[in-house]
């Protein structure tokens, strides 16, 4: 551990933890949405949008504090990157949910559930890891596991793409599903970016 | 206001103002393009491309000066972000105009005009705000209004998407229009990013 | 040249050169893929994925070293930007190759070869330029030429888009080809971003 010559603003840790908790809420609601009927999906979509707003507020609070704080617990760039990549995770999940409702999609391919399960697991791991930024305790297990999950998400995504292009004859249906599936893949990538930023922070602290 | 210990290069302000003026030109030309016939659209497309080149030159001048100037009026990162997000606004408007011509689109849905009107208003507000960066005068009204406009753009975009998927049966026509409409939405997002960067700068100066 | 007060870690130069060599391998394999039959394409796809993994390892090594090195040969941000844009070049070429295999595309339009030839030339120029970062020798020729190539790629891409929308009646075939062609265009943009970063570095050093 580096010697600290100055007291540091510790509330950044709480803000990151709060932000990551919204991701767990969002990912779980997305999981519920898949099995629901159309009116229920609309309701769940609203709840995800609320989680997205809450996450957005958390990001804005972090950014504002970052711009007004002289001494920060990590490099300013890393705080900025961590806040924006956490925000991206939520945005992509919210966009996927929004498109499921907007496009009035009836049935989603079974592998979409696999994609969402990976996101739920990544969200839980991220929410568990954020409070450990304070002590830098056992973070490597977190980022290794999220990288593994992203590889898994990538494989599911490629299989899903190949399957959809083989099986769906209606091009408009294909366009809709492809866009939803890509937002979910973007969300998995964003979780990996969070993990990579945590790795960067931990390396600098070691 | 922070005490200035060193003289600062003020020409950055002029360069930002010049860059934002090209956005007004571009957005207004885009508005004209919508109602025009196909040969006129091609002419207007060339004029937008010229505005895009001029904006590009302004961005390059800012970046070059940034790399060769020791004392800057704001944080280097904020100058960089402001210049690149101004550039993005223009790029997306230019790409939308280019696709309208390239895809030989005949009729655009009425809501596309609503999208472009939001961009015209955002461009005017941005061009008005840039010279006020020098004095940091009444900038909050600007960023609050641009954020409101981006919300409005987002709602128009979602309604447009739903409508297009309901009403357009030809998948290739749908692909073309969807791409154009998304570039316009990207432009609205880019204007919001400009406003957010200005907010960041103002917060640091306050 | 600026006076160096401290010895600098020179291995960054070797790492950038190594990273750029993988781009040459990748671009040339992509060229071979276009003319090959479907089983051979699959084999070549695997070889490109290997080049992508090797490039990925090089990027990680650069990033790790960057986070653990106090004195760097250029600004940290420029090293970061150079490493990530080199990585992007490879990622887009790998994604294009992957989609050619995944979508079981039979015939690619002739202009796709023109796109790939531009990428092969850009990769060679980039690999030649990286070792010259040490001496800052004749780099301007490199970035001017890559900017010219990107303009050429852009023109090919636009002609290809217009042609595909004119000639391909099957919307699903069009979706597949459009996505591949866009990844190749993204790769050309990424090579330009590498060149722009080198220009930034050279300007600061001059």
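We just call them A, B and C in the order they show up, numbering each chain from 1.
In this section, a contact is a pair of C-beta atoms (placed from the backbone, for glycine too) under 8 Å apart; a residue touches a chain by one contact, two chains touch by 3 or more.
These numbers come from a predicted model, not from an experiment.
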Query: Since subunit A and subunit C are copies that touch, is their contact same (over half of the numbers shared) or different (under half)?
result: different
- request: In steps of 5 degrees, what rotation angle do you get fitting subunit A onto subunit B on the CA atoms?
  value: 120
Task: For subunit A and subunit C, let me know how many angstrom lie between their CA-based centres, rounded off.
output: 28
- prompt: What positions in subunit C touch 2 or more of the other chains?
  reply: 171, 175
- line: Residue set of subunit C touching subunit A in the complex reads 63-64, 67-68, 98, 102-103, 171-172, 175-176
Statement: Interface with subunit C, subunit A side, in the complex: residues 158, 161-162, 165, 171, 174-175, 178, 200, 203-204
